[in-house]
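Input: one structure, supplied below.
Going in written order, the chains are labelled A, B and C, and every chain counts its residues from 1.
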Amino acid sequence: MIDLDQLSLDEIKELITLAGSIRKNPWAYRESCRGKIMATLFYEPSTRTKMSFQTAMYRLGGEVIGFDNPDNTSVSKGESLKDTITVVSGYADLVVMRNPLEGAPAAASLYSKCPIINAGDGGHLHPTQTLTDLVTLYNEKGRLDHLKIGFCGDLKYGRTVHSLIRTMTRFPGSSFVLISTPELALPKYVLDVMDAAGCSYTITDRLEEALPELDVLYMTRIQQERFSSREEYERQKGIFVLDSEKLQLAKPELKILHPLPRVEEISVEVDSDPRASYFDQTVYGVYARMALILTILKSQSRPEKRKIPRSTHPHRCSNPKCITQTEAYLPRVFREAGDMLLCAYCDSGTLI
Amino acid sequence: MIDLDQLSLDEIKELITLAGSIRKNPWAYRESCRGKIMATLFYEPSTRTKMSFQTAMYRLGGEVIGFDNPDNTSVSKGESLKDTITVVSGYADLVVMRNPLEGAPAAASLYSKCPIINAGDGGHLHPTQTLTDLVTLYNEKGRLDHLKIGFCGDLKYGRTVHSLIRTMTRFPGSSFVLISTPELALPKYVLDVMDAAGCSYTITDRLEEALPELDVLYMTRIQQERFSSREEYERQKGIFVLDSEKLQLAKPELKILHPLPRVEEISVEVDSDPRASYFDQTVYGVYARMALILTILKSQSRPEKRKIPRSTHPHRCSNPKCITQTEAYLPRVFREAGDMLLCAYCDSGTLI
Amino acid sequence: MIDLDQLSLDEIKELITLAGSIRKNPWAYRESCRGKIMATLFYEPSTRTKMSFQTAMYRLGGEVIGFDNPDNTSVSKGESLKDTITVVSGYADLVVMRNPLEGAPAAASLYSKCPIINAGDGGHLHPTQTLTDLVTLYNEKGRLDHLKIGFCGDLKYGRTVHSLIRTMTRFPGSSFVLISTPELALPKYVLDVMDAAGCSYTITDRLEEALPELDVLYMTRIQQERFSSREEYERQKGIFVLDSEKLQLAKPELKILHPLPRVEEISVEVDSDPRASYFDQTVYGVYARMALILTILKSQSRPEKRKIPRSTHPHRCSNPKCITQTEAYLPRVFREAGDMLLCAYCDSGTLI
């Protein structure tokens, strides 16, 4: 599970249904993974994501090993990703990997003896967050089609935003409202995805304007370092702060999501509004991950060692954050798209 | 379980009895918490306390998630205590919190969806250590009433001393001998507690003088940084070192306790004396925590979301280490005591 | 289990047989240690070794507590090894200790209330790695006698090399080829062990020369800091790099082992050669540790508190890395060997 786009819509719906069954009757599943071990390889710390995965595995009866700081590991002695994953996938039945380098889980999956779940690879993908969002939407809104979703805040760097939009374009009738400053606007390639899917969207920098028509509001954290100066940050951030006053403009059946942690972009007073779903979202996240772990461990017998593909092109990926920059033995695999080569690991385009 | 004073004497006795039953027959309890998850949120590291809680939970068949270093968590991204506890209490069935800020567990309990155990909040409270001390005393002395207990060392900053004295004043016939330098003497408010309970106590700076009459000697670590100079430390520390020679003055049925770690205040030669109970004390600590966890998880169905109280006063708590200093959204709740306001979180007094 | 030399050849063979049974039918053992707790006390980090032990214990149904960084523990407050092991062995059923000081596990075993496994004490011993090597050899070669084993790389500092040689001299017909630069040659005392056992060995600095006759090639990591200069390192390291070309000289039934992590001393291309056993070796390591844990926990009822031996000599061990240098209370125990005193903890010789 490197990318949610690997899954068919039916497979996604099955995961959502399974998450619902687990939620209704968690004790029926508490021995489902007894005797199984999940390894959490966190090349950068993310306690929240790790705790969610650990909780999911423990509630299925399994055990967890792993590290959250490569400084203390063989990695710091110069070990390659290939060697680390080969060894650890010999210990565990399932590996959950978080890595600041884009495409690392895809690269690791070439050598792993067991399934890998991508728990975030830099700014690239974070599929279990998106699955969490889908489970939340389905349960809180009762459907995944014909939803008008507003995204507010940092739409440029927010990988959870890109990922959720891409997945929602696969459901009929999705439309989007993009609420941000021009500096933090959605990248063109995501706009292209919406266009290609025939989804309608509007762009605004006024949260108040957008609020009345939304079924869902997806808030994101605005990081101060994205702005040119402290002053610029202070001047702009208020525009994208959701408070009780602004919320009076919204529908009663609106649902507010946020991938958390939240800093100041949602006032504390909103927490007690019944439309606030961002804390429930973290609980749905555990059920989403339980469904994913269970599906992977049940459906798959240990996969045959994957055939390592050959390099398709002599080029190097030009993305400086791509895993191929540090792991030189990786075959150089690209797919062609017009005059671009798209890296098979990080999906970045390199001009030929 | 924020403060042992919340519990009635009967409830404390029930915990001690349950700890005894578990000690006698631990295997009868090894599935008692199967399927339950405890989260250990340690905002400052304390490996010993954490290992004791983990051992307790594992011996009950449960699982443990958590962190021991907030640097790697959402906290370092500016997340509030309220948000952290809201999310984590959605993952776990029980939260154990250690925090350098006083009143943090009390504050967290306002927002938590599950019970919270205070595993130490700065210099304020450490109720499971006190429960450990009580279980040790009951098992080693056969009773909790009519004990003459000497406290030796750092009585000024030792929260375990303050806490145990406060609890022992609730048992009939307790009397105390306070052995320290004037600089490290017991704070006046603890003396007041003893007076109010009608307990007798004597004050001395001579361990040898006190030893012959004691039923229990509670030693504490003297931290060098408490003294005005290295010379002062070296000059004074010997007075409060327990060795085999001094121990000849004591009753044969004396029991020696120490919250550990011990540095030099008890000579290694004392370890093999049958009166040394400080290592057994750590084993009793596991049974004490097992009894507490089991009682909390059995008796309580998930509590209704607590009603957040309103601020009772416009004042701010004046304790610079109070949790309200950093978490501005907390309601300002005080109880009046004469011309003082006592903070509902850290119990510090603020002059009106 | 401080030193593999404690065990008789029959006991070693029983462990290897048990590891084989577990490997064939792991699910038969998955409840064998239910309710048991293993403490991993890692005074220096070693994520790989720790994950292997954790995996072993979880696959037996047990639980794990511990620390991997003494900075956050009572140790940093000045606690002695004696106190730490006394407390932790009261929590756990089994302690796994890694310590940069030589002889630390032997010292700890004097005070522990439960069995201790040495998971590496500085450059001294690492018996579970050797047990892993033996299990690998037995399964990959079908026998442990009459093997010609080449050791290549850093033979001076590689404790796994010393330890495996010492153990292999106990099996009939072992012979050795020692492949290294003079600077990294095997220490004389290991040569003496081979001589005493009547084992033949040859010394060379040419990997190509040695390869054709070997049954087993044991590669080790050459650490750059062992060389006098960067240039010297670059010049020499190539000689000891195993690649596909050199491998053409070897027997088809050769097996290549490596304690990992590997850096550049084995080319990545060798990984897909059927003679490469170094990744399988890590999987055998889990079975080896399962066999060891199971044997220890089954066979031993909690040992009586060990009688602390008296000092046999007034001398201090002269090894600056010996645990007796920091833990002054340890009795000074030596055995005499000619004009040397051999330290009972670190086995180093001190001239009388």
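General observations
Throughout what follows, a residue touches a chain if its C-beta (ideal position, glycine included) is under 8 Å from a C-beta of that chain, and two chains touch if they have at least 3 such contacts.
Everything numeric here is computed off the predicted structure, so don't read it as measured data.
Of all residue numbers that take part in the contact between chain B and chain C, under half occur on both sides, making this a different-residue interface. Relative orientation of chain A with respect to chain B corresponds to a rotation of 120°, obtained by superposing CA atoms and rounded to a multiple of 5. In whole angstrom, the spacing between the mean C-alpha positions of chain B and chain C is 41.
For chain B, residues touching at least two other chains: there are none.
Residues 34-35, 37, 39, 63, 65-67, 72-74, 77-80, 82-83, 86-88, 90-92, 329 of chain B are the ones that touch chain A when the two sit in their complex.
Within the complex, the chain A residues that touch chain B are 27, 30, 45-48, 51-52, 54-55, 58-59, 61, 68-69, 221, 260-263, 268, 271, 279-280, 282-283, 286.
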